[in-house]
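Lettered A, B, C and D in written order, each chain numbered from 1.
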Amino acid sequence: MVFNSPTLSYSLLSPILIILAGALIGVLIEAFVGKAVRPIAQLSVALGSLVLALIQVIRIRDFTSTAAAIGSVVIDGPGILFQGAILVIAIISIFLIADQDNFTSSPAALPGSDEERQAAQSGTVLTEIYPLTLFAVSGMLLFPIASDLITLFVALEVLSLPLYLMAGLSRHRRLASQEAALKYFLLGAFSSAFFLFGSAYLYGYAGTVSFAGIHAAVIGGTGNDVILLLGIAFVAIGLLFKVGAVPFHAWSPDVYQGSPTPITGFMAAATKVAAFGAMLRLFYTVLAEAQWQWRPFFMVIAIITMIFGSLVAISQRDVKRMLAYSSIAHAGFLLTGVIALNKAGLEASIYYLFAYGVATVGAFGIVTLVRDSSGEVSDLNRWAGLGKRSPWVASAFAFFLLAFAGIPLTSGFIGKFAIFSAAYESGATAVVIVGVLSSAIAAFFYIRVIVLMFFTDATEDGTSVVIPSILTRLTIFISLAITVALGVFPSPLLDFIKPLAIFIR
Amino acid sequence: MTSNLIVYLIAIPLFSSAVLLLTGRKANKWGHLLGTLASASSFGVGAYLFTQMLAQPAEERAMTQKLFSWINVGSFNVDASLLLDQLSICFVLLITGVGTLIHIYSISYMSHDLDRRRFFAYLNLFIAAMLLLVLGNSYLNLYVGWEGVGLASYLLIGFWNQKPTYATAAKKAFVMNRVGDLGLSLAIMIAFASMGTVSFDGIKEAAPQTSTATLTAIGIMLLIAAAGKSAQFPLQAWLGDAMAGPTPVSALIHAATMVTAGVYLITRSNFIFDAAPTAQLLVVIVGAITLLFGAVVGTAKDDIKKALAASTMSQIGYMILGAGLGPVGYAFAIMHLLTHGFFKAGMFLGAGSVMHGMNDEVNMRKYGALRKFMPITFITFGLGYLAIIGVPPFAGFYSKDMIIETALNAGGIKGILLGSAALFGAALTAFYMTRVIILTFTGTKRWDDEAHPHESPILMWLPMAVLAIGSVASGYLFTRGDALVHWLEPIVAPGEHGEHAELLPPIVVSALALTMVLIGISIAVMMYVRRPVADVAPEDVSALTRIVRQDLLQDAANEAIFMRPGQSLTKTLVSIDEKVIDGAVRGVGAMALGSGSELRKTQTGYVRSYSALILVGAAAIVLGIWVITQ
Amino acid sequence: MNSANYLYLSALLFTIGAVGVVIRRNAIVVFMCVELMLNAANLTFVTFSRINGNLDGQIVAFFTMVVAACEVVVGLAIIVTIYRSRRSASVDDANLLKR
Amino acid sequence: MTISWISLTAILPLIGAILLSTLPKSAELRAKQFAFGITLLTAASAIAMAVQFQRDNTDLQFVEVHSWIPSFGINYAVGIDGIALVLILMSVILAPIVILAGWNEAQGGRWSVKTFYILILVLETMMIGVFSATDVFLFYVIFEAMLVPVYFLIGGYGTGARSAAAVKFLLYSLFGGLLMLASIIALYVMSGAQGGHTFDLAKLANLEMSSTTQNFLFLGFFIAFAIKAPLWPFHTWLPDAAASATPGTSVLLLGVLDKVGTFGMIRYCLTLFPEASKTFTPVIIVLAVISIIYGAILAIGQKDLKRLIAFTSISHFGFITMGIFAMTSQSQSGATLYMFNHGFSTAALFIVGGWMIARRGSSTIADFGGLQRVTPVMAWCFFLAGMSSLALPGLSSFVSEFLVLVGTYTRYPVAAIIATVGIILAALYILIPVQRALHGPTTPGNENLTDLNLREKLAIAPVLAAIIALGFYPSPLLNVINPAAVHVNSQLGFTDPVPTVEGK
């Protein structure tokens, strides 16, 4: 018998490979490098591999191939864009993550135990976080370019598992952090079970796990529709869970609140990009012809998500939870992009994802700065009068909020406009109207925070803004710059996206 | 014929007023002089133009002056341009003439007032506005003057506005005038909509082709305007309170000039009223009602100025009546307007002089026997008195007699009613004026000792004297060969007498009128000479008297019909705005918040409920699939 | 025998697992229920692989087991930490984060 | 080389703001002087532009088009017609006056004096931009972005429940704006379907759309503008905002920003949706009449001076809206002139009222009294402003108000007649506060208020002068406005009703 070895085009896979390599090196560093130099070594490895990967992504941007890894991944414009976005976000957030005092120095130690205290005093820092991040990133990079169900599932798990752990590593309020990890993990596993079950049905329907095959089957329409529908539904549940769409959102507020803030930022931004990337590919290419089966469901879910997210966010008292709900609302807005199911929709979604992701990292970056003796202060009422104490931080945060609210001259506005017009073009008028109205509601709570920061007098309770370390400063500054730029001169990015945003099958 | 001088009539007093207002206290020394000078020179210009007019044949006497194109939008073109014709010159001379006299009078009358300068500024402002009113060549220009005089009157009534009642009086006057202005502006709108123009001659040309209905509508609107400005029924209520202003103001604005603007408006609009009988009928009705109303109110007033004010109202009623009886009546209305200008102004100044001597006491019951103390005032006032009650050969006799006659000859039942109303009015006039004379100048002194009545200085009595002469002679002059009638013919359609068969010959009418006057006088004599006059108004009087004392309940009526409902409406709307409209807005916000915190409760914090939620979601979707595939 | 029955069986197992996740308190048991669901999915794959007459489904099953194993590693780590700090593995006790 | 005047005028205040931000916080006086100077410069540049404006040319002038976001067909496109020019002039003239008049009003704000003037300057840039934008997207962007500086001006420097009022204002306007956004999106998509995505006003005006679509899109725009203007029943944010904003802010808010609403009705509602405009005219006329009467009556019922002025404005905006939708050349020109005049008379009222309030330390009308004796000049200024607000003939507001009424009458007599009742109510809502505040005995607490100083006189003088001068000689403005107004009507296929009888 002849055994023909699989052909891998390494250059096209290089971003993922680089990241994985970086992750492994990170693990080795943990094993062999002394405590003292570890942090800087890890940071440089992580940063280095991320930047390298980004460069690679940019270099291969014009290649398209379905055979990069014997048909299990597809390299095309959107894939490149998603990878690029993920990497940029990762780079921004790595600085934030590098700000070590967000993480417990000894995850294994009992909260409040001597062991923990010693670890803290001895100044040991948690450097495993870097490899974990890189593993997650590698999964995220794979997720949106996967072109068969196995790869998709594996990627899903690869990006999720590290995040489950990272969620539990907070230095302050460790119990809450561990709880977040537990919830994230259990629910995540639960949802991936759904995902897997769904893919089983898709396989059953098409007789193959490759997207191309499924697509062909959908066009042929010979198979059993019920099986197809169940498959779509359960796979969708898995993905909708990741993006936090109602009613699969329940994990996100708790996890966002419990996790270490840098991780929350990274997770909120990057996971969304990856998950939506996968979702867009799946529904724009594989299941496009089955739109009559899934679009109605998506419309309903989008509408519920937008309204629910906006309404509940109003009544939040905790800034991280508020941002969590706002991210739910944004998931709803992004779903309209999926519903649009046209090129404009794809471009808009990509732009929106990038703009939103960057702004999110920046916003959470600022959250890490507001502290008192016992760590971060995420209680909104204690943010009162922030504008007086440190106008610059407050203004930056306000600007991010305005971007979330989609006020003109911020990136958020262009994104909203693009994505809504795409959806309208596809005839989803109802969704657009609900979207517009719920962004009116959403404005309500963003502005509430601004009022709190600028127009309410501070309560003297030791809440203060720490002088950001150079790293955090970098994070905030870069994301602020990008947000402003995308708001005022979005054309470069839009023009960059336009030619690339074509899925190949 | 054009003339570039006309504008100066207005410009001079306007400029002086501006100077006086802007210079402020610095001008206190010479302010009154400048004001008087301005008014006088305006009179001079008027007189000169008058002579120019006399030089012309009747048809070419009208002069115009176009200043600039004021409003020019699409087909709506209004020039700021002035028209001086036979009608307006009468007013110009009256306004500037009487005006100047009153300026002179005020120099001394206001000499103790710190704000005398401001007073003169207002007076000049008034003169300017009033002149614009009578000189504007279109209804819109007239409108500017119309409200201008309203403003001046507001300022002057409220001249001592530190007294709340005075301030209120001023506000009342302005608001009721605005009701009139409503009529005027609607009239202009209708005119423009139907005839595409608002200028006098434009409308005059278009009127024949215009439907009677339209003209009637315009006419009624103009009548409302006239009623507002001339204190005619039902908008008469402000005039009495307007006496809050300094007496010269009452003389100039609320007797001689401004209040007669309504008569001017109707006469000026003769081409409309002649073609709109219904409107005309309303005019005479309003006139008749008002002349009686004013006269009746006058009989019960103890405040000398208010008595005179009531009489003014009634006399203007006569004029309106006359004007309503056009084409014949216009000239007579104007004639009565002019003569009234003399004698009523004279009497007001007289009243002022009395008050001056009685340290501003206005209650006639506190006067009495002043004849000896202020003879000149008495004589001038007396002449005015004779004129107003219409004793030949004094001015009032001619003018009023004409109106009564015309009214009687108006034909049919209408004529009889109007005529008798006019005659009865004459009797009442005689009564209340006699009452004023008796209470003020004759009988026994009723004032207390700190009052030291004395004759006023020359600056005050001289104008009175001049006006007295006017009230003696003017009537005769105007009627000699129907001078005024002929003078006005080019403006108002020629008033050939009696298009109806004369009801009574003129001489009989005069006789009737005189008898009525005699009756009035004798009743007054019986009541106030035979019996001693109480120095406080007796309380034990008939209900009728009480009602009359309250101006026939005019204020009560206004309050009941307009003010109180208005106030309650305002209150209701305010609370509606607060509770309902804004409430709705706030309600939406509250709803969002509420539903938010409700939905929040789904986030229980229990993993199992979360997974249950996911499961439910999945189940729902499966259900949905089942539904659509069935 | 009709291979559709295997599908019903796997669906049943999946449901049992899902319900178990919802009703059981002990984190370990909950996790086991998830594993049950995964294996139900595996069974489905295998069944379909049988029906479709190709091996893809069985390959997937292998992948799934591997992934599940990884999940166990991570999951148990988390659960154990929680247990150590709370002295309880009940998912209902971890309830700091809500609303 | 040709100077692009609009951009130049618009950019000046922005540059000023940037330079200003480099000043130290402490240099308050310098900040004021600098801001004042900049606004003067801007005014000068705007006037220079106005001089070169060709009156009888009805096309947009000083047109500039630069591509901004090509992938959406969005341009930076500006250009002005007579209407826009007049409003821009109003804005740039009011700006320095506001600064001079409210010389000290920035003190006691939440933030530095400097910030106040930065916000003002930024706002001025946006004001010029919003009136000159000819790209719908650009317009929308500025329309929404304007909210932010105003929001901070109210919330940061106002009095009383300022932040609540600011939030109410912001959310209300934002809501309207989002409705407009929905319509804009629809337009954009349709333009894409009909030969290329664009936001160019002229191109969008020629879109083919079903009458139902047109009606919905029209509503999207109109409601946004009706909230801005504000028209009954969307008005409730205005009194709160005006009551808590500083006088200067109120002037800019009511004088300029709210005009964006009425301006938008002309420039966007009428141009983009002629059919729908005609369909909705009856409803809108009714709303306008209600606003006129309702605003007036509520003004009468107010106890607070600022709220009173706010409600009078609601009444005035009723007149403007009525004039716009009566669609006769008189009413249109009248409406535009009305916008200009209302800017000035409201400015006068707020500025002088602001001084009174600042001196007395209370905005309750009942706390004043007898001011005419204590502070004659200030009293006179307030009185004049009031007269202008009640449209006294001879003052500028009369011309516009009468034009609106007469123009409306020729097409909607009933509406005009009801609206005319407003002039009586106007007398009440002006004279009542005048009597309470200026007349009567001097009430305790007012005895030693100081009269206007030179700066204040200098600030108010031009406003009052303009009010009087334009009352006697409005032609300079009318000649600019008419062609534009006529053009708008002719685009709608409207010609003035001809009088039943042709007179002269």
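Everything below uses one rule, namely that a contact is a pair of C-beta atoms (placed from the backbone, for glycine too) under 8 Å apart; a residue touches a chain by one contact, two chains touch by 3 or more.
Small disclaimer: the values here were computed from a predicted structure and weren't measured.
Comparing each chain's Cα centroid with the centroid of every protein Cα atom identifies chain D as the most central.
Rounded to whole angstrom units, the spacing between the C-alpha centres of chain C and chain D is 65. In terms of their C-alpha centroids, the spacing between chain B and chain D amounts to 37 Å.
In this assembly, the C-alpha centroid of chain B lies 97 Å from the C-alpha centroid of chain C. Rounded to whole angstrom units, the spacing between the C-alpha centres of chain A and chain D is 45. Touching of two or more other chains is recorded for residues 171 of chain D. Shared interface positions of chain A, defined as residues touching 2 or more other chains, are 182-183, 186, 190, 194, 253-254, 444.
For chain B, residues touching at least two other chains, in rising order: 589, 600, 603, 605, 607, 611, 618. Every pair of chains that touch is listed here: A-B, A-C, A-D, B-C, B-D. The part of chain B that touches chain C in the complex is made up of residues 600-601, 603-608, 611-612, 615, 618.
Against chain A, the residues of chain D that register as touching in their complex are 68-72, 110-111, 140-142, 144-145, 147-148, 152, 155-156, 162-163, 166-167, 170-171, 174-175, 178-179, 181-182, 185-186, 188-189, 192. Those residues of chain A whose C-beta lies close enough to touch chain C in the complex are 107-108, 110-111, 149-150, 153-154, 157, 161, 164-165, 168, 173-176, 178-183, 185-186, 189-190, 193-194, 196-197, 199-201, 203-204, 207-209, 253-254, 257-258, 321. Put simply, chain B touches chain D in their complex at residues 21, 24, 68-76, 80, 140, 143-144, 146-148, 151, 158, 161-164, 167-168, 170-171, 174-175, 178-179, 181-182, 185-186, 188-190, 192-197, 199, 201-203, 205-206, 209-211, 214, 569-571, 573-574, 577, 581-582, 585, 589. The part of chain C that touches chain B in the complex is made up of residues 18-19, 21-25, 30, 91-92, 94-99.
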